[in-house]
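Pasting the structures here.
You will see two complexes here that share subunit A, one where it goes with subunit B and one where it goes with subunit C.
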Partner chain A sequence: MGFVRGLKCRECGREYPVDPIYVCEFCFGPLEVVYDYDGIKKVLTKEKILSRPQNLWRYKELLPIDGEPTVGLHSGFTPLVRAKKLAEHLGMKELYIKDDTVTHPTLSFKDRVVAVALSKAKEFGFDTVACASTGNLAHSVSAHGAAAGLKRYIFIPATLEQSKIVASLAYGPNLIAVDGNYDDVNRLCSEVANKHNWAFVNINIRPFYAEGSKTQGYEIIEQLGWKTPDAVVVPCASGSLLTKIWKSFKEMKEIGIIDNVNTKVFSAQATGCSPIVAAIKEGTDVIRPVKPDTIAKSLAIGNPADGYYATQVIKETGGFGADVSDAEIIDAIKLLAETEGIFAETAGGVTLASAMKLIDSGHISKGDVTVLCITGNGLKTKEAIEGHTGEPHHIDPNLKSFEEVLKKITSA
Partner chain B sequence: MKTRVKLTFPQNLIKEPVLFTMAKKFDIMPNIRRARVTETAGEIVLELEGSEENMNSGIEYMKQQGVAIELVEGDILE
Partner chain C sequence: MAVKVKIPVPLQRLTQGKEEVEGAAGTIISLVNDLDQQYPGLAERISENGKLRRFVNIYVNEEDVRFMKNEETEVKDGDEISIVPAIAGGM
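Now for the complex of A and B:
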């Protein structure tokens, strides 16, 4: 048996049983999973966590399943890299990269949320899963769903890049390419979710799906030696990841695994889609929807469902936000790769470039133990830096030609 | 048909009866569930009920007035 008490509306507090529902019938507020923390406290200890396999299910009591996990048994527990060279470059004392570029099986943090969503979907008895995605989520639902033996319907905008389409098709889902703009895809999927009895991971399974993000926070705590950082910088699309990392920190304190939480939470967005950071900078919690225009496609959510809640976390923790241009994103991707050997997708560039601004502005102190959440692999968006890297040195297949080039390289 | 939406009103429209005018003009029944007005914007979360044709016209009318209309569940495409 799990430790979920039920679902609760984040707006009016009305409680609901554990069902594949996502919105309060009364005030249309989003539903959140609530747990029996007293019960969890009695059974979940550091020792128990440490005795378990290194995947995201080592914190299973804090995840919304009733039985044993069935999906994503190799997902999570990605490295927390002490970024010494990057720290030196930025003048920071202690900087870490939470490196979800190597999440199993599709190289983005979506593997965490989808592992939880599909485990829950199977518990609910669904045989079909679905999502609407421009990339990472499509890959993860396609892959995890294949291994779990689930039928899959993946909705994408028909204009999506061919490389991303192929990366989903490899797993053999039903890929539905919608001729329409992003708003059309959003509206259609909402209608499809209401009509078909499917587990739509980010619609009717959303309260459970979103909980998977907490595992990134639990891992940060464990890998830092059972403490929270002074500052954490989180890329924001819907804002869900940011709110869940904060929830994970508070939960670890609630169940007595850590004694205190003194972390400032920071939001990172691309200037071309920054409704959350704009609200933070204006000092308001009203999120004004925008039309995204950025190379950071995985963060291009103009109407973020959890934007308001993200602003509340930032306010509560004394954090702030920064937004960065496409050029700054590209420079940051290259800086991370050249200093730490980690090739991140565009969202990673957003996180690092935003962190640099927050350090420059003094919002993050150079002495703060800081964690940057890097959420996806650069191989997924390599077109973003095409034309912005160096060129190969072309040579003839003989030693003389190589020596000539070598001389040029070493004398440069 | 019924649809659940979030309306965001810019400051200059907060005092205007945009929702009432739309409801009357296009025979749409609004059922407000949540609302909030701040110094800079107004938000209403509500259900709209009417014929599909009227719904589309009504939503288009509000967009033209400058009201942002979004799904209550936020953007699904991610």
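Now for the complex of A and C:
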């Protein structure tokens, strides 16, 4: 019943059947899911989408599964928050936060991609799932995999924030802490994946997994009243989310749900790991890998697999990129929390701080309808802002003590 | 002793299913061409016009050659080379 025609190499165009494979055997290019858009156009209408439950599967025809979805039936459809106070602070006319800090069940946008990956893994008949992760993916595979009754092997860099490690262990997976950075973990996992017949969500399931990111884009369109924004700012690690958001906009046009797409796509990275933004600023599409050094660990991928395609999207749409320091990330996390009541993880700080630079430099105009993709919850990386917030006011349990403190607070 | 090269699954068809093969010391690109003599077709998969393909990662003793001299990186006997397709993750 699905609308997937097959897999196709993004580099050389060779076609492959729907299998748990991820690279072109000929040129090693990544494989991309190809759909029958004419078929989808006939069945998927605004009315049909609106009639369905508010989760990411309301766009299921545009996702790479054959049967009914089995995982993540409550994931997605997060709020698109009109950020009036933040907009005022930045002098913007119309600013929105796509708030994936509240994605079910593990509070990051990874719940979207894992919902799709595990639904597909079950269709393929796998009983074991695995992933290499900077944290959020570990949470999501641990949680969705538990609910789906799958065995789980989760590989993480041993240096990950303690809160992320504990939050994964709660779901009882096999957690493998590797003495190395994310790129080391990834390289190891590609060797493990060669040996064991598991569904590695970001390796042999990657073409399907990555498609889940598109749902953030579909939702932005729907929640803006069936149109695309003028500008969208996306945090980049591998560059996959950015390319998929752009793909989702183009697909909505392809199937006739919207008439045009005039969006500039912007990349946000931490200065300590900015291979994509560096390439954009230099005007090249050659991605030079780096050794990450940033508090934004969920973005600390020095060797971004989709970096090349991210630069192409930015070029095609007339977007740009910005990179920000650790101090700027922390300030932006606090600004978002204090103006909009949204506590984002470090990647969210990267997105907002980068957007502020892009507004200052005029790459984003103050009149542009702008969406910031905030992809994970601040409770996951609270270590990052510890020591950078105010302190509690300690008092004795009596009114006099409170009144004394109150006087200090109000006179400050 | 020679240079040990780990072959990823998508290329093992060309190496008669072998996960690890041996090649001659020299630059990465000369190693690739040497392997091509033993396993015809391999060089074309990994490189194009003497350059490594965009989505091929090569590691020498776990270090990405792009942190060294790319295809001109020198490898010596006893070094371990991994050929790994680019993989996704993160955002």
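Please note the rule applied: the second predicted complex is superposed on the first by the 404 of 412 C-alpha atoms of A that agree within 3 Å, B and C clash if a C-alpha of one lies under 4 Å from a C-alpha of the other, contacts with A are read in each partner's own complex, and residues count from 1 in each chain.
The criterion applied here is as follows: a contact is a pair of C-beta atoms (placed from the backbone, for glycine too) under 8 Å apart; a residue touches a chain by one contact, two chains touch by 3 or more.
This is a predicted model, so every value here is computed, not measured.
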item: Partner chain in contact with A:284 - subunit B first, subunit C second, else both or neither; value: first
item: First (subunit B), second (subunit C), both or neither touched by A:375; value: second
item: Which superposed partner A:157 touches (first subunit B, second subunit C, both, neither); value: first
item: First (subunit B), second (subunit C), both or neither touched by A:303; value: both
item: Touched partner set for A:235, first subunit B, second subunit C, both or neither; value: second
item: Touching partner for A:29 - first (subunit B), second (subunit C), both, neither; value: both
item: Touching partner for A:222 - first (subunit B), second (subunit C), both, neither; value: neither
item: Subunit A residues contacted in one complex by subunit B, in the other by subunit C; value: 11, 22-23, 26-30, 132-134, 137, 182, 186-187, 189-190, 202-203, 206, 237-238, 288-289, 298, 301, 303-306
item: List of subunit C residues in touch with subunit A within their complex; value: 6, 8-11, 13, 19, 45-46, 53-57, 59, 62, 64, 66-67, 82, 84-91
item: Of all residues in subunit A, those that touch subunit B in their complex; value: 11, 22-23, 26-30, 132-134, 136-137, 155, 157, 182, 185-187, 189-190, 193, 202-203, 206, 237-238, 282, 284-286, 288-289, 298, 301-307
item: Subunit C partner contacts - residues on subunit A that touch it in the complex; value: 11, 22-30, 109, 131-134, 137, 182-184, 186-187, 189-191, 194, 202-203, 206, 209-210, 234-238, 240-241, 288-289, 291, 298-301, 303-306, 308, 347, 375
item: Complex contacts: residues of subunit B adjacent to subunit A; value: 4, 8, 33-34, 36, 38-41, 43, 45-47, 68, 70-78
